[in-house]
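Dropping the structures in below, format is structure tokens.
One chain, subunit A, links the two complexes that follow: it is found with subunit B in the first and with subunit C in the second.
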Partner chain A sequence: MSTSTAAPPRRGRPGRRRWTPFLYILPGFAIYAVFVLWPIVDTLRYSFFAWDGFTAPVFNGVQNYVDLLQDPLFHIALRNSLVFILFYSILPIVLGLILTMLLVRRRIFGLVVFRAGLFVPYILSMVVVGVVWRWIYNPSFGPLNQLLRAVGLDLLARPWLGDFTWALPAVGFVGMWVQYGFCMVLFIAGAQRIDETLYVAAKIDGAGETQQLWNITLPGLRGEISVALVTTLIAALRVFDLIFVTTRGGPGNQTTVVAMLIYDNAFVLNRAGYAAAIAVVLTLIILAISYAVLAVRMRYMSQED
Partner chain B sequence: MSTQTPGARQEIRWRKIFGSTTVHVILILFLLLALVPFITIVLTSFKDSQQIMKGAFRLPETWHFDNYIKAWAQGRFSYFFRSSVIVVIPVVTVSTFFAILTGYAFGRMQFRFKRVIFFLFLLGIMVPLILPQIGMSIAFGTFWMYGAFAEVPRDLEDAAIVDGCNSWQVLWRVLVPIVLPAILAMMVLFFVWTWNDFLMALVLVSSEELRTLPLGLAFFQGRYTTNVPLTAAGATIVALPVIVMYILFQRHFIRGVTSGAVQG
Partner chain C sequence: MKRNISAVALVAILLSLVLSACAVPAAAPTVDGGQEVDAQGGETTLLVWDIWTREADSQVVDQLDQEFEAANPGVKIDRVVKSFDDMKATAQLALSTPEGPDVAQINQGESDMVALVRAGLLADLTDYAAQYAWADRWDPSLVLRNSVKPDGSAYGEGSLYGMAPTAEFVGVFYNKDKFAAAGIEVPKTFAEFEAALAKLKEAGETPIAFGDLDGWPAIHTFSEAQGVFLGEEDPAYLDDFIYARGNVGFDNPANLKAAQKLVEWVDAGYFTPDFLGVAMDDAFQQFSAGDAAMFLTGSWVSGDLAAGPNADKMGFFLMPGSTEGARKPVVAGTSTAYTIRAGSEKKDLAAKYIDWMMSDRAMELFAGTGLVPVKGLPADKVAEGTLFADLIAAWDQVRSTNSIGHYLDWATPTFYNTITASLQELLGKQITPEEFIAKNQADYDAWLVEKGVKQ
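Moving on to the complex of A and B:
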């Protein structure tokens, strides 16, 4: 092609007519608007109403939000959600990074098998995950307590999901189990994209392998780390199904998270307006965190250029 | 390459002696952690109620295939399976088709309000509401296909235009064949998400016959808390199609999830 890229021919290029792109977007966007955007707008609207989900909503201004700030259950749920971030986001990323560091730039026998196997928890339905782990944690015949008793640690055996101290870490561990394979696979893919010449150059400069991991591999994964952070953080804050199928928030409110609160208010307690307000606040938190992570990433990227 | 510093050489030796075995042992431990929980559930699904007390990691003494027949018929998993199939097929095909169209517009065309519309699609992925899978899939698929289309070199498109193709023909004859692996990966993702989806069904479905597999399993578990083997059989039925899909398209799937996440 001899046409210069500086002045592309406008005639004949797809999208030359102003409305062509919109024709392509319209059907998908229409479905999206009906099923996603409209419910979002509705939620925002109902968050300013007292509404049981059935009778006519009554406008009550920001009362739902005021109630929310003073609701002790919301504070508990928020705290539990923060604990969940540790298990769902921080630990899987750290673990994934450590595993990647071990794997990368080394001949691993059966790497494909490891990669595929470690990813399996991530593809299972949360309901299946719930069945699996409720059985593992089962107080009388669950494998975990069986194992502890077999090695003489009867003292440690306990009804994990019904224990006031251990329920939240026990459910959190399941979250970590689901996420770490995902993080690792993401990081391995990123590490394989790092320019090989960087390592060669480092070697010539006399850098040891540990130094190479620290100074080339880790910085090279910056993009993947921020992506893993955003996706796992969103997943951590949205987590509902895992709780629903393992503890339903119990014992007491030990494992109640914010998304659980939304569900309970909307569909069990018939406080749809209040549930909407919680959903709006949680959305704002998610947007703020995502924005913060991406902003930090952008700053690093512009520093590099 | 013979100009290595003594430090580097020493480290290589250290890695050779200590590294390889240790790394493999660590990896195998984590592999077991990932796989053993589900494997014990599959083993349990073939046992009877007495056998499960004897040790979770043992093979079944007698293999009770009848657990599956019971779950399928009495447990109504046949109904749940049918509901899941009825939901999955239209959701995957419809969202794939429209995501290709929207992704094409974002990836290859310039137009007004592009950023605004793009942000609107992004919003749907972040909101913690229980929303229909089809809407979420189209939002995700838009980013996905945008990334895939944006990587295709301009020249191919220009050549097709010179040959007299319009934008629709460029899309289906030139671009789609090139990005087919990305489309396949996206479809596998849509399948897994829709198949595993539990929340929407929980909120929408009231009649037992219409429950999808995950929802049916959740209620089944609540009703048969003491009958672990039967619940285990149900869980295996729910997981099996996804596992088969995963084994068949493993490479596409993993590459899909990782590169998709990086673009998004």
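Moving on to the complex of A and C:
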């Protein structure tokens, strides 16, 4: 079909030729526009309406946003989402770095198997992960509590997902378990790219392992770390599936996150307009954080030059 | 504005295409007939969306469909089975298109049936109810919970919008062996019930299998205690509360006593240990496997219990009131209601179909799969001493004492979230019974203001 539009370019006005490439992306762009761009614009529009999803939307200006700022649940969800940044982003990056140190530039028997095994959590479906961990955390027959009781740590055994203090860290830990594999693979790829002669030179100059880490490996991974940071931050802020499968936001509202609020308002409470407003705010937060990370990275890069 | 409408329509069409592709076509006899609208004339196809997903139930409906077709020559039933959640998500779009289902099973309550009525998508069944004398089959309170004011402004009054063939009610499942071993009879008063709890606990049993990780099971646990105290103080309270008539709130003495009672039971260790971390399914397994004496939940689990390892030891009773035979509300209702699409051109046929699903024949077939017919069942059709016999007897008791209560989460659009979260906090000792009452009262007050019932 598209071949018909790709007639041999004639010598004509230059503008015509410049537009030809856009014709090629048109089919893909049309799908993208209908299924991604248009819904985004529409979400923004609905965020200014009171709409139950059934009857005609009624324009109510910024009322949704005003309500949102005063919604105590939104504050709780935002706080929980920030805690998730620790588990989804910071800890996986640290863990990924440690594993990279252990797995790169070392001869370990069965290294490929280790690497593949450590990456497996990341490629599992989040719903599967949630169901499995719900079982692991089961208070009576879950392996975690059984293990704790078997070694005499009965005091530590608790209904993890139903404990008001521990539910959030427990779910967060699952997030960490899923995310670190991604960071690790990213860092390993990056570390293998670092010129080996740098390490040789450093060793000749008498640098120890730690000095090599701080002065060669980490600076060499700066690009990968910022990519990992942006990706995992976004994942942290939009986490939904894991919460939905494990706790549904409970106990109380201890593990409610922003994406959960969007779901509840849009599909359970029939407040589509309000849900749209939350979605817009969440998008803005994600954009701001991503931009901040990239801005810091840009500054570093320009310093290097 | 025009552009908006066409854009919405476009997405609606796209969505309905995608979503209808997800629907599971039942083993309906659409193949042999060939085309949907017959060229010979006279053949009509009735499109029915239902949520009878359980194998045994689905077979019953297929059977009923075939009998309906046989009794009505030229009529073809095109049946589509959907899960409860799928129906909830797709019904609104489907009902607003001319190709939508003529008959659909819609959940009662504010966020489904009432919202659809408000949007003008459901047909008023009041005239059909008179024509087919449905009132004879249904208790008045069941009619009310399927009634909405035609403008959607009030629930529990106005016109009839749905009918459902089977009943659901919350009560106490118990293990007969455990009761016998502890020397306990089925309690006739609430005091006897509490004495049984203490006795079972003393005997080293888990008195009540309970898991509240999912949030909603505690609503039923609370309702069971609430019913006892409401029976003492204000039996009409739940109707006023659910239908938001503005004369009652959540902050009444019975609710406070119920909340205090639950905390008392938590402290006494009457529930499954660490219940806040236990899923409903696990609590069910615990009881079904014979590891707990009682299980407070709805009649809908009876089929699974009857298929479980201890089926012959299972019994059921309604939570007793403070005095023997005291009238008290029992959380109960019907299955999801059959409704008719407002834009359907086959409303008369659709009503005839619904009437067939409410017929004695349908009741009998549904009873065969372990579901309790709304009309009850003659004693000679029930095997004595079975769990099903207990359920039929309990439903007769509910109907004869006219004590059908309500699911509390129907109260306001947000009440499900509010009460599940606050019950977890209450039972987890994060808040006091007084704070629990205040939280739910705040939700309820906001709703009354939104509805304009209260300033």
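Following the convention adopted for this analysis, the second predicted complex is superposed on the first by the 288 of 305 C-alpha atoms of A that agree within 3 Å, B and C clash if a C-alpha of one lies under 4 Å from a C-alpha of the other, contacts with A are read in each partner's own complex, and residues count from 1 in each chain.
In the analysis below, a contact is a pair of C-beta atoms (placed from the backbone, for glycine too) under 8 Å apart; a residue touches a chain by one contact, two chains touch by 3 or more.
What you see is a predicted model, and the numbers here were worked out from it, not measured in a lab.
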Which superposed partner A:Gly250 touches (first subunit B, second subunit C, both, neither): second
Superposed model, subunit A: greater residue contact from subunit B or subunit C: B
First, second, both or neither for A:Arg134, with subunit B first and subunit C second: both
First (subunit B), second (subunit C), both or neither touched by A:Arg299: neither
Touched partner set for A:Thr55, first subunit B, second subunit C, both or neither: second
Partner chain in contact with A:Ala279 - subunit B first, subunit C second, else both or neither: first
Touched partner set for A:Pro27, first subunit B, second subunit C, both or neither: first
Which of subunit B and subunit C A:Asp264 touches, first, second, both or neither: second
On subunit A, the residue positions that both subunit B and subunit C contact, one per complex: 34, 134, 138, 267
Residue numbers on subunit B that touch subunit A, as the complex places them: 1, 3-5, 7-8, 11-12, 15, 19-20, 23-24, 26-27, 30-31, 33-35, 37-38, 40-41, 44, 52-53, 55-57, 94, 98-99, 101-102, 104-106, 108-112, 117, 120-121, 123-132, 134-136, 138-139, 142, 154-155, 157-159, 161-162, 166-167, 170-171, 192, 195-196, 198-199, 202-203, 213-215, 217-218, 221, 228, 231-232, 234-235, 238-239, 242-243, 246, 250, 253-255, 257-259, 261-262, 264
Residue numbers on subunit A that touch subunit B, as the complex places them: 1, 3, 5, 8-9, 12-15, 18, 20-22, 24-25, 27-29, 31-32, 34-37, 39-40, 43, 99, 102-103, 106-109, 113-128, 130-136, 138, 141-143, 146, 177, 180-182, 185-186, 189-190, 203-204, 206-210, 223-224, 227-228, 231, 234, 237-238, 240-241, 244-245, 258-259, 262-263, 267, 279, 282-283, 286-287, 290
Complex interface listing, subunit C residues touching subunit A: 7, 14, 89, 92, 111, 115-116, 118-119, 121, 212-215, 272-279, 282, 413-414, 416-417, 420-422, 424-425, 428, 430
Contacting residues of subunit A [partner subunit C, same complex]: 34, 38, 42, 52-55, 134, 137-140, 158-164, 247-253, 264, 267-271
